[in-house]
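One chain, chain A, links the two complexes that follow: it is found with chain B in the first and with chain C in the second.
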Partner chain A sequence: MRSVMTFALMTLRSLLRRRTIYGISMVLLLALFGIGQVPSFNVDSEGTFLLDFGLFGLEIGALLLAIGLAANIYPRDREQRTAMPLLAVPLSRGQYLMGRFIGAALVQAAAMLVGCIGLMLILVMHGHPIPSDLFPAALLLIVEGWFLLAVVFFFSFWTSPPLNAPLTIMLFVVSQMTVLQFVELFPQASGLMRFIRLILPHMDVFHIKDPIAHGMEIPSLYFLLAALYGLAYMGFMLAVALAVFRSRDLK
Partner chain B sequence: MSEDPATGEEVAGDAVFPYFLYKSKGTDMTETPLSVSELTKVFRKSFGISSFKAIDSISFEVRKGEILGFLGPNGAGKTTTIKCILGLLSPTSGKARLWGSRPASLSVRRRLGYVPENPDYEDAFSPVEFLSMFAHMRKLPDDRKMHELLLDRVGLKGWESVRIRSFSKGMRQRLSLALALQPVPDLMIMDEPTGGLDPNARKEFRDIILEERDRGASIFLSSHLLSEVETICDRAVILAKGKKVTEGSLDDLLRVEEHYRIEYIDGWKTPEETRNAISVDAGNLQNTIDALRNEGRRIIGIDQEHRTLEDVFLSATGGGRR
Partner chain C sequence: MRSALFHARLVIIPIPMIFLLFSLFSTGCMDRIDYDVDEVASQEHLRGSNLTVDQETADTPADLDTLLTNESGRYDETFLCISAETPVETAGEESIESESTLHVHDVGQRNHGTEWFFNQPWAAPFIWPKMIRDTVILIVLAAAVLTLSGILGRKRG
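Then we have the complex of A and B:
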């Protein structure tokens, strides 16, 4: 564990010294503040609008951060041969993956929290109350971001970064679809489509912006179960990513 | 000069490197450090339609306390062999064992030092930061003084806190040597460690390798520099086209049956006009001398012939092209 945490810290410091994270975070914050500047047709619905679009912005931010942070880590390590001295001597492949993942996950969580605080500031600046479920919703978005991070790591072990991004975005879009929406893509093969949808993740469980924006109360148990679902799927994706990584030769 | 942490005395940087503070745990020096048996690696390309055999059933071992030179022309399979030994590539068949264990075992890999070919590291860190992180990953004490001593030993004194971004290739190689030396390794695997270094730096590397051998470490040295291998290695393995073509101690490889070179001239001419030479083995030496004299030729010199490692290498690799 000491090796993993040391390597995670190294990854964290390395990512913080790159400009990517600051660029994506800045775009996210600007987008959130941009939403605050959009005039509302109805003063009564402004708070709903801000929450709805703000949480949507954070979700997209989680996706972009996952791609921006992780898509290039392993390909860069492989091409620049920086992985060789690490994997040849002190680290196993599992430790390498976990160290890289934890480092990137910490950066992503920090960026998402900053985004959430930004959204709260916008709400306060516009004179709207901060819903009690906003913070748990942000935590759920962090879990979603970690899951996406695991997906990006999985793709990074067998594709190039330019292919990784569209594949992750495609999975993100598809996993937000309901079974019916998914079957409608190819109604001729409805059985197959239902099966595929069954094994794909159901990221719609993280979709709670609408109830929060409309002031509906969400049971605490829902947050807990959704977070556990996300963490379990994240663990599954990391296990598959490790299996792929272990089977790869480091030429 | 630096201070010995044990005694507090001022000592020359690399003369008394305090190994006792850094010594890795679980050292069992009774087993063969590295054994490679029938190792084969086939790379499949184009979805398995075509394949390329990079190494073909090679076997050898590195014995305790020796320096084994690993030679071969470009593309002979040296780096592929090293990557199989380190677990970076999975062999198609055969096996590599470190102290009898699989290379994937972290406990044996922590006893290793590895100097890669063209080393590169995340350039946002300084050498001291790297040594500190590697110390944690290797479960060694993270002692800045030790890191500084190590960097001093490999010639990076004054560069301890400078980011690797500004390092030259040679300096990166020095850092990779420092990282390899950090665990006081029982086995060092070095892949072209001195390629691209200037002659002074090469000499420093060679001295450190010899110091490590004298300490009891085993060294597996892949190199193109035959003179270097000839100078420091105890034994050598030569690869060509992915196969082992010869192996032996340097003494055995360089030994030639007694051969003599006779230089002669025709009796009535000056040496500048007709200098000739023939090579004969010891058994025919006297007969040849007599025959030359009978033919009226004047013998101007007889020398014993010597073989260099380059002769052995070229003869074993057939000119060295794949």
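Then we have the complex of A and C:
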């Protein structure tokens, strides 16, 4: 475990040296600032609009961050041949994956927290109250980001970085669909489509921006269940990613 | 010879699994195991508008005001439903035609205008057990994949 944490901190430092994280965070904060600048014309629902678009922006930010952070990690290690000495002695493949993942997950969580604090500042600057459910919502956004990170790691072991991004975005879009919407994509094979939808993640469990924006209370049990579901799916994706990684020949 | 047997097993093992999956499709029992709220919800959940209050039944203007106002004390247009068939004057004007079908719902009340809102997982407690079920299945599957890939990796190495 100590070697995993040491490697995770190494990953964290190397990711913080990259410009990707700062670029995406700046775009995210600028987007939030832009949402705050939309004229409200004294409409009462301005707070609803700010929260709705702000949380949507953060969700898209989580997707972009996951791709920006993790899509290049393994391909770069392989290309620069830094993976081989690491895997030859100090680390197993599982430890390598966990170290890289934990490092990227820490950066992702920090960026999401900064985004949420930015949204809170914009709400306060416009004289709107901060909903109490915004903190649990931030936690769910972090879990969603970690899940997307695991997906990006999974794709990075068997595809090239340019293919990784569209595949992850496609999974993100498809995972938002309901069963009926998904079956309508290819109704001739509804049974097969239902089975595929069953395997695909239900990312609608992370959608709580609507009730928060409209000031509705969400049961705390739901936050717990949604977070557990996200973490379980993340664990499954990491397990599949490791299975693919173990089958790869690094020579 | 041993290697040939190993590779043959990788091909043979999935065949009964695929057969089982096709059997599942053919029996139609896949229909209810996923949790699309539109499919698994009861009619009460989807169309629970029996608490609808028509404009005529609101006793006083104060009652109507209370019904239209949400917890934060602001008017919430989400719960105000106006039938498209009957022309109704704009919300800013005091007079509303007496024959209009303007009606209001309690905050949180499901109706034809807000179904999409309440068909999300956070508002449908009857699908939460399915989320727990999926969580457990995913953990078991992750453990199985890890064990299998470990065994296969050792054999390969």
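Miscellaneous remarks
Criterion: the second predicted complex is superposed on the first by the 249 of 251 C-alpha atoms of A that agree within 3 Å, B and C clash if a C-alpha of one lies under 4 Å from a C-alpha of the other, contacts with A are read in each partner's own complex, and residues count from 1 in each chain.
Methods note: a residue touches a chain if its C-beta (ideal position, glycine included) is under 8 Å from a C-beta of that chain, and two chains touch if they have at least 3 such contacts.
What you see is a predicted model; the values in this text were computed from it and never measured.
After overlaying the two complexes on the shared chain, residue contacts for A:89 are found with chain B alone; chain C is out of touch. Once the two complexes are laid over each other on the shared chain, residue contacts for A:180 go to chain C alone; chain B is not touched. After overlaying the two complexes on the shared chain, residue contacts for A:166 are found with neither chain B nor chain C. Using the contact criterion defined above for the overlaid structures, shared-chain residue A:34 touches neither chain B nor chain C, since it reaches no partner.
Of the two partner chains, chain C is the only one that A:192 touches; chain B does not reach it. When both complexes are overlaid on chain A, the residue A:81 reaches chain B alone and has no touch with chain C. When the two structures are aligned on the shared chain, A:216 is found in touch with chain C, with no touch to chain B. If you count the residues of chain A touched by chain B and by chain C, you find the higher number for C. With both structures placed on the common chain, the touch criterion links A:250 to chain B but leaves chain C unconnected. Residues of chain A that lie in the contact sets of both chain B and chain C are absent, per the superposition on chain A.
On chain B, the positions that touch chain A within their shared complex are 43, 83, 86-90, 104, 106, 109-110, 112-114, 116, 118-122, 124-125, 133-134, 136-139, 176, 179. Note for the complex: chain C touches chain A at residues 21, 24-26, 28, 30-31, 33-39, 70-72, 74-78, 107-108, 117, 120-123, 125, 128, 131-132, 134-136, 138-139, 141-143, 145-146, 148-150, 152-153, 156.
Residue ranges of chain A in contact with chain C, taken from their complex: 44-45, 129, 178-180, 191-192, 194-195, 197-198, 202, 204-205, 207-208, 210-211, 214-216, 218-219, 221-222, 225-226, 228-229, 232-233, 235-236, 238-240, 242-243, 246-247. By the touch criterion stated above, chain A contacts chain B in their complex at residues 2-3, 6-7, 9-10, 13-14, 17-18, 80-82, 84-92, 249-251.
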